[in-house]
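These are the structures in question, set out in turn.
Two complexes are shown next, each including subunit A; its partner changes from subunit B in the first to subunit C in the second.
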Partner chain A sequence: MGKKQLAFYFDSSSCSGCKTCQVACKDKHDSGEGILWRRVYEAAGGDWVKDGNAWVPNVYSYYISMACNHCVEPLCLYSCPNNAIVKNDDGIVLIEKDRCMGCRYCEWNCPYGALQFDKSQGVMTKCTFCDDYLAEGKKPSCITACPMRVLDIGELEELEKEHGKSNEIFPMPRAHYTQPAIVVKPHRDARMAENVEMKIDNLEEIKNEQ
Partner chain B sequence: MNSNEWPLVFFTLLSQMTAGIIIISFIVGLFVRNSELLSDFELKRNYFFVSLVLMVIALAISFFHLSAPLQSVFALANLQTSWLSREIFCMSMFTFLIAVCCAAVKFGIPGISGLPYWHIAAAFTGLLLVWIMARLYMIPIVPAWNNYATMIGFFTSIFLLGGVALLVILVVTGGKSFPFDQLKPVMWALIVVVSLAVVAKLLNVFLFQSGISFTGGSLPPPEAPFSWHVIHVIFFVAGFFLLAYWAYSQMQHTELYRPQMVYLSFALLFVSEIFGRAIFYALYYRLGM
Partner chain C sequence: MDGNNPDNAGRSHVPPISAIDRRCFLRLSAFFSGGLLASGSLLGCLQGEEGKGQIVSVNDDGSVIIRAGCPSHNCGGRCVLKLHVRDGEIVRIETDDRPTDDISDPQLRACIRGRSYRRRQYHPDRLKYPMKRVGERGEGKFERISWDEALEILASRLKRVKEKYGNSAILVPYGTGSYNQTNGRQTAARLMNLFGGSLGFYNSYSWACISRATPYVYGTSVTGNQRQDWINSRYIIMWGWNPAEMRDGTNSEFFIKKARENGARVICIDPRMSMSAVSLADEWIPIRPGTDTALMSAMAYVIISEDLHDKDFINRCCIGFDKSQMPDGLEEEESYIDYIFGTKDGVPKTPGWAEEITGIPARTIIRIGREYGSIKPAMLYQGYGMQRRAYGEQPVLGGCVLAAITGNVGISGGWASGIALQVADGGPLWNVFPTGRNPVREMIPVFLWTEAVLRGKEMGPEDGVVGGDRLQNNIKLIWCVASNILINQHSDVNRSAEILKDENLVEFIAFQDQFMTPSGRFADLVLPVCTQFEVWGLQDGWKYGDEVIINPKIYDPPNEAKSDYRICAELSEKLGLKDEFTQGRDEREWIEWAVNHFRNTRFPEIPSLDQLHEKNRGVYSVPVEKPKVALSDFRDDPENNPLNTPTGKIEIFSRQLYDMDKPDVIPPVPKYIQEWESPFGEESKRFPLQAVGHHYMPRVHSIHDQIDWLEEAFPQRVFINPLDASDRGIKNGDQVRVYNERGEMVIPCRVTAKIMPGVVNIPQGAWWTPDEEGVDRRGCVNVLTSHKWTPLAFGNAQHTIMCQVEKA
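Moving on, here comes the complex of A and B:
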């Protein structure tokens, strides 16, 4: 890879879905109404299965905590006409708000829902990896707030060496579109991306409709 | 469909209709070249001025889509990878070339008197603009858009709206005194162009359907209101048959036959295209989250 690329690590197998990370992010950045830079998706699936003479439920669910994945190939950055989206030396994808004209084309191009429109400012916003905290030697607010310690950060290459390359768990898309800088330890019931038997159970809670 | 996408509906339709007027007028001009009809047709070059007004309106509408329009000064900063940047550049070039054509017709400015060359340049840029527009929407993670139905749909709008708009301009410009009897080849050419666009539009329905029926997304596929589909189809059928009836009747007459029918047909087809485009935007959904 060569260049430095910071990445998130998320242990889905131990996540309790408490959404403290989501709240901590919102609290730290004081993000506007409807904006969730980090969102916890409730993925669910299953059906009734026949067990002898009885039909029994075979349902399963797990959580995926997701912010911007600061992708290696960020489609948002490539699509922005104004060059308002940049990738810094740590591989963090950032928005320069004073260059954003609010066309929202980046929003269409991001398969992780990371780009979120702030109606009050009239510009796009997104996860900054808490770069101000990083400069102080601290970790992002979502990570330090997590009571289950399922979130962490590190160099993408090192995380992949330690945990293996796992970055397309449902409801994530296939990784080849953007090469997301994230490693997910899958839940035992996890399904792969583009699985047609599963659904997101808390869409109303997480969607940004601004 | 987000409310902020309505300006895009009108912007794309108006700019595609303008591209159609410029391209088709050039093609028709080729057909009638070296004949006495040329002077009749070329004297009535109002379509350049109408095109310029349409592009200015389209550009103005496009700003309503932006929440920070003052930052659009940076919009050409990413020609290297952004289709939107390329679209804005091409649209600016297209508008500029139409303005040059207008200047050449109106003022006969020395140095730009070679109108056909500017017309060729404008027509080519118009084609390029619509191709770039289609590529802009063919986003890899958007299954409903990322197929050739988008490309065909946009080019269909060029020839459908552009063809009928040119007919309207011809009728409005000519009035009763216009030599419609002599201009039958021109009108036939326009009718053929519009008919081909209609056939392409009908065939494209199946291609578009394959895109929206993709089932691998984690988000539920959106739906456009049923009433939009009804208006889209009914207005389209009514507009096309009215136009066909008028064309048939006009062929039997030497003078202009009931121009109101052409205006009404144009209005019906334009409204149909508005709802068709709104359905296109409403069916946006992406793979992933």
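Moving on, here comes the complex of A and C:
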């Protein structure tokens, strides 16, 4: 790639789904009810088998905490009719609020549900990678919030070098659409994108349904 | 959830991006010339103190950063918050940002509850001024009165009850809303003790059985190694233990994660695939609730029959394992091995036997029995849910015995089980605020307070009364401080409501809190309390006391709210006890006193409050480099370091329990006993589902139930397995009716495979919200629970519930 691209690292294998990241984000950005720049998906699947007197679970579950993936190929940016979405030198994708008309095309184009409409302002909003904190030399709010220490940030290339390329864990879509800047350490139960046996168990908790 | 959204106002408080990198670090007192925050608060204290000041960072928008303890309720966490405060308002909450995050002294990162705290702090429903009841008791109708009138009413009612009945007719109930010293029931307890006392109690709603039963085996409650030792374990059983969600000590989940990274295999035994099962365990083993001791017994069967037990340790350190080890004169009684192999009762406790009871396949029981018996060292950590059950003493004893027969006691990486207070400190200090001696000597088991309302004078030792033969009184006055136990958190809400409505029973109820909880609705007098951000406070590390956390007062309480201490101090004046009660101290001076107390007991190096405050780290901690191991002296030399049990040994068979002569419910060796409400009983025909009420991520018991960000993240639901749902024509999200003989609720369901068939979960702590028909519309699990208590500990058995679910 060569060009700078900041990325999220997420260790799904030890994520407890506590959603402290989600609320730390809401608190920092004062996002209103229903706006979840970072959300936690509870993936689950499987069933139960009666075996004599016993119940045998064939149940699997894990959590995916996800904000905006600041994609290498941001479809949201490409789709904006008013050029209100920009990608900066760090690879961070940002919305220029003054240019946003609130048409919500970007929302349709993002396969991750990252763009969220703020009715009170009439504009789209999304994760800023806490670029204000980055300028201060601090990590984003969600990262330092995590009680399990499963979130981090880094250069996409370096993260992929260290952990391998892993960005298509259910319920994420296939990566080729946008090339998300995220590396996920999969849980032992992880299934790949487009798995039809898994479902999102907590869909009602993810306001911005895809 | 609420119309008033302070965060919309807060939007403009976010510093402009370009401004933040100009943020500078300043000594606060040098920077501010005027009172940015209200007087008497953090800044007020600092002003005018030449040369003294707090190291704070100041953003260009004028917000300052103050590190403070996360308001300490009764979760297992004790965390640090980094508050951004501007113009007397908390505009952002971050968490512990100490530069090192080493396992010896990790950051105390707050969870979702602490990070949402602005929504509680600025909630429009906070109580604003004193009120007295105007409608029927329980109706929830109140009118505003002055503080003077309110305290006059309370003082006169206290005096009247004292004169008419005596002090033992007064109850300051169990309440765990605040552990910051200056807020909380301990302030009222101090005043009542000076006033002549109030009815005493022992036990807790959390730990009744585990705190009572553990010493029968070990002679102590201090059975826990320091947590840093967990990384030395090779095999960890999280038995009904869900630290990631309840936060059983800040960082407990993080330590288990570290242990796993260090090579430990972790399994989780739980009816629910809990957050901890998903994130910390290699394997989840669902178990039918209330059958833990059956599984323990079958594991022991495997371990002993395959010769995996630690014979040397058993010989040296235990009694009651087999016939050769029975107490004098009881040689022919049933030893542990007799019970396991069915020598006396004809029922060998085989894996096949346990499969029928627990719902766990025999082959799985054999495997985990072998694993726990052979992988060394191993840790069996008992959660507390399984002991808040019908015979909750038995799984406590059973877990301790498994640890003993496998020799996992007194070694690094092992775990003796039981309540496991930490060896280094002997358990936390919690509230050190001195309550003094209670002149009323009689004490009841805390769970039996409704009995003491109905028939106190009849209650004696058979009801767990200690300190006297009979109670002198029925309870006639309740002063409820930092507690929701009157209604919401006590069993059988509908029964409690009927009892409290009757003004001939409890003649007067005063209620002190921050919100109008279901308990508050039954008050005659309501007093508004400030939050822990509005008063000086201090906390230690809940179950694991490696730190002291300070809570500086951020600003004055809004409206007419006051700290519990302040309320008691003003009341003490009306009772003629002011000097004795306050000893001339205000809240901050009591916190100075508390720091000194910590210095004189556990933390000899702790700086003064001024110094702690100036550093602005929020926490004073002692890194644990070499974690201590409980019971190691005993293990090394049991003859010279005997336990505090009658025999000085680990008592697998307890003569004390034998002498109680109730073998069916208090056996001298741990046994599986079918619960009084069970899927195997007649009651299951009408109520076929077991219900549990687990500790839910968004709440600390009933605290935070009204917080919109938390409800958005974790809505209140009844969780039900797809098989049980489809049998009943229930689809995910449907409104369902959950009921039994005691009560009924209608709430939405979540259909999920992550709970075992036959079991539903209604997370405990939701606020009882009855409609006109008395049907709870919020999902308070205690409309279903029973007030029947456990046989040995007189503890609450609130998770032993059978119920039925149908589409509403």
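Here is the rule we use: the second predicted complex is superposed on the first by the 201 of 210 C-alpha atoms of A that agree within 3 Å, B and C clash if a C-alpha of one lies under 4 Å from a C-alpha of the other, contacts with A are read in each partner's own complex, and residues count from 1 in each chain.
Throughout what follows, a residue touches a chain if its C-beta (ideal position, glycine included) is under 8 Å from a C-beta of that chain, and two chains touch if they have at least 3 such contacts.
Because the structure is predicted, anything quoted here is derived from the model rather than measured.
Peer 1: Touching A:A145, do we find subunit B (first), subunit C (second), both, or neither?
Peer 2: In the superposed model, A:A145 contacts subunit C only, not subunit B.
Peer 1: Please indicate which partner A:N109 is in contact with in the superposed arrangement: first for subunit B, second for subunit C, both, or neither.
Peer 2: Only subunit B is touched by A:N109; subunit C is not.
Peer 1: Would you check which partner chain A:A135 touches, where first means subunit B only, second means subunit C only, and both and neither mean what they say?
Peer 2: Only subunit C is touched by A:A135; subunit B is not.
Peer 1: After overlaying the two complexes on chain A, where does the subunit B footprint on subunit A coincide with the subunit C footprint?
Peer 2: In subunit A, nothing is touched by subunit B and also by subunit C.
Peer 1: Can you list the residues on subunit C that touch subunit A in the complex?
Peer 2: 1, 5, 7-8, 10-11, 13-15, 17, 20-21, 23, 92-95, 97, 101, 109-112, 115-116, 118, 244-245, 247, 250-251, 253-254, 257, 260, 273, 275-276, 278-280, 282, 284, 286, 355-356, 359-362, 364, 697, 708-710, 712-715, 721-723, 733, 750, 752-754, 756-758
Peer 1: State the interface residues of subunit B toward subunit A in the complex, per the touch definition above.
Peer 2: Per the stated touch rule, the residues are 2, 4, 65-72, 74-78, 81-85, 88, 136, 139-142, 215-220, 284, 286-289.
Peer 1: For a test of understanding, state which residues of subunit A touch subunit B in their complex under the given definition.
Peer 2: 39, 41, 43, 66, 75, 77-84, 98-105, 108-113, 117, 119, 122-123, 170-174, 177, 193-196, 198-200, 203, 209
Peer 1: Mind pulling up the subunit A residues that touch subunit C in the complex?
Peer 2: Subunit A residues touching subunit C: 13-20, 22-24, 26-30, 32-34, 36, 40, 44-48, 51-57, 59, 61-63, 120, 131-133, 135-136, 141, 144-149, 187-188, 201-202, 204-205, 207.
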